[in-house]
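Have a look at these structures, which come just after this line.
Both of the next two complexes hold chain A, though its partner changes from chain B to chain C.
Right after this comes the complex of A and B.
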């Protein structure tokens, strides 16, 4: 089945699904690698970090969409999008960290402690930058961000699950930690190639 | 040309404006959101109650109140020196802390104080000695070799000028960065007498490739300033009349050298033996001073023993490992108190030997130089 950009509800779902699967940021673009290698040791922490990334990408993609559309383009400052997006993402994560630190300690321990880790996560910046190249409206941009974040969440949780099952002490010394993780990611990204071409948006 | 200038101006204006706006937003947010209001910290079942402004880490808030919890990493959660017991109000254990807490510590509610945030009333337990711990700035006024690998440092305290401690306690010395090695904090027993309040003396053995000792031996020079904190530790003479066994080797001399001279000053007349284990004659130091103490104290004997001295040398004292020599002099150790100082291996061996000759474990006091 090959679909082109459709409108209405089906189109929105397609955007989300393709961002999550066909264009998985972690497995097909290899973005957000550093925090993935560091935190994917256990499913629990993978889920925490993945959820934080999903939340932050959804909101920052939407925010960046607004800034891009209504400030950067009219002022002809397209070339400043890298700097602008980075700064907006960093400020946003800090703000969110403060807010949940203050108002929801339990959420803080589940998600908040990961926020400093993703202030400079390249997957998040990457998704905002890809968004710019697509002809999206606000809602579509938001779903594209949410889908991209969800794809990252899915990938790191799967990797966490596989790493939990692997008994690392059985591995040769040089393969422990990042070594075996990269191999797992490689194999998984082969699997994700299967999704490509199913949907084109 | 003009168009270009305008573009550049707009771009810089935009960047500056955005930067200002966002930083202003963050500053305001920090002031208004992260304001946890006044909190109380209850220490050791209301022995001390602090009224503080919430928001920071327990470690930094206590430091602001002049209670110094040991910390070697500056609160990054990587040294695990800053453990305290948080009875309630500490929130859940964070993933940063988890790797450093054993099951038993978690049962006792031990936490890394640099990772615990004070956001409500909180009650904690810390060793009482931390109340009297101060941070000191001092100046190294002499550094002299005692043997080929042991140095004596003498530090004059500049700020504050006096330290009050009991013979046997230790301080924590902070090394400076050098050649890619980071600044670390290491414990060293004070060898000076408590009455010399303006000075701290240390006896330090070089650990091959050790971060702090390499700094002390190769980089620290007379006249330089050093930072330290103290006093810490429960290793002190007990207020009894039992005869004493001191056992130490190498830099384990430090606290005992302080205790012995303190006994002389205070006129304490307890019977005491000091067994000093070393490899060869070149590892011995303070021999004359200790012989002098034998004459000045009413009932004190110094017994050095060498385990690797060549058979045919001119050494006339004891030979062999120190636990055997102790057994030879004091076959029945019940009734004695023992004070041990040195490496964990040596201390474990001594505890085994002493308990097998009748000494109750609770009469053995020690500081492991680990």
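Right after this comes the complex of A and C.
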């Protein structure tokens, strides 16, 4: 089944599920590792950052799609895509931060510290860059972004849960922190390879 | 300059961007399944860290504090664009594979991290050296990991078959897939941190 051959509702769901599970950005594409290693110490913070990333990814992937298709390609400015995408992502994050700050201070305090982290989260820029290589239309691109963000959210929450438990056990000195987290992620990534037979996109 | 030598030693070992600061891990893992990809990535990264550090440090007194993140990202992405175009021209095949990851140098935390932590406070020349040193410390780990993953996974180095290996070595596919990368990096981090912790613990 080719990505272009999947039509209708089922095709859209396939794109979302494959972006979230079989092509999980964190576990198979290695994106967003830095903030994942830093933030995944607790489930609460993981969920907070995961939710923020999912939201920003969905919207910015759609925005980037529009800009890429209707501005960059017609003007033959393909090589400017890095610059454009990162500016859109940074501007959007800034905007969200200001809106949340204005209308919902409590949400701002919950998410506030994560928002600056999002600009430099490679998962978001990465999903936009992978989107460029795929033959998607607007809705598909949006779902690809949403699925990718959701996959990241899922992975970081699971890792947060495992790390909370593992902090209570004895570890070799050098393995504490990033070392053991990388091994956990490695094992989870092995498990996620199991999904790869389910959908072929 | 005595301090520039120290800068390099720090970047290679005591303050290694990957093993100790745990920055820029994403691309480390993604491009290290083939040594050739890794070398291109390293070239791009050293170029970007060095020059973006130089530029940001030269402009550091003129960038307003509030928008400095955006300015830094813009400066970095200009250099990444140059790298992208150069790689595309030199080797379109490799570009097809590592293309998206080259773009991700922009959000590679080493580049941003050094710009923020070092270049925004130090003189241009020192910052330039720091950028190069950090890029090289990063590259060293990338090349080491690639040197383990490519032979184990494909039985080749830089695409050349290792002599005699196919007689007894069954290709260890998991090594070139995602989990292999995580496990290799975990082992490297473990080794480095265990080695590092010992002498420090003794002096304290």
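Following the convention adopted for this analysis, the second predicted complex is superposed on the first by the 193 of 201 C-alpha atoms of A that agree within 3 Å, B and C clash if a C-alpha of one lies under 4 Å from a C-alpha of the other, contacts with A are read in each partner's own complex, and residues count from 1 in each chain.
Note that a contact is a pair of C-beta atoms (placed from the backbone, for glycine too) under 8 Å apart; a residue touches a chain by one contact, two chains touch by 3 or more.
Worth saying up front: this structure is predicted, and the values here are computed from it rather than measured.
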Check the residue A:106 against both partner chains and state whether it touches chain B (first), chain C (second), both, or neither.
first
Between chain B and chain C, which one contacts more residues of chain A in the superposed model?
C
Check the residue A:189 against both partner chains and state whether it touches chain B (first), chain C (second), both, or neither.
second
Just to be sure I read the superposition right, which of the two partners does A:80 touch: chain B = first, chain C = second, or both, or neither?
both
Of the partners chain B and chain C, which touch A:98 in the superposed model: first, second, both, neither?
first
Quick one: classify A:173 as touching chain B (first), chain C (second), both or neither.
second
Take the contacts of chain A with chain B and those with chain C, and give the residues found in both.
79-80, 83, 87
In their shared complex, chain A is touched by residues of chain B numbered 7, 10-11, 14-15, 18-19, 22, 25-26, 29-30, 33-34, 36, 91-92, 94-96, 117, 119
Sites on chain C touched by chain A in the complex:
22-30, 69-70, 73-74, 77-78, 80-81, 84-85, 99-100, 103-104, 106-109, 112, 174, 177-183, 185-186, 189-197
Contacting residues of chain A [partner chain C, same complex]
27-34, 37-38, 79-83, 85-87, 90, 116, 119-122, 124-126, 129-130, 133, 172-180, 182-183, 185-187, 189-190, 193
Chain B touches which residues of chain A in the complex?
45, 71, 75-77, 79-80, 83-84, 87-88, 91, 94-95, 98-99, 101-102, 105-106, 109, 113
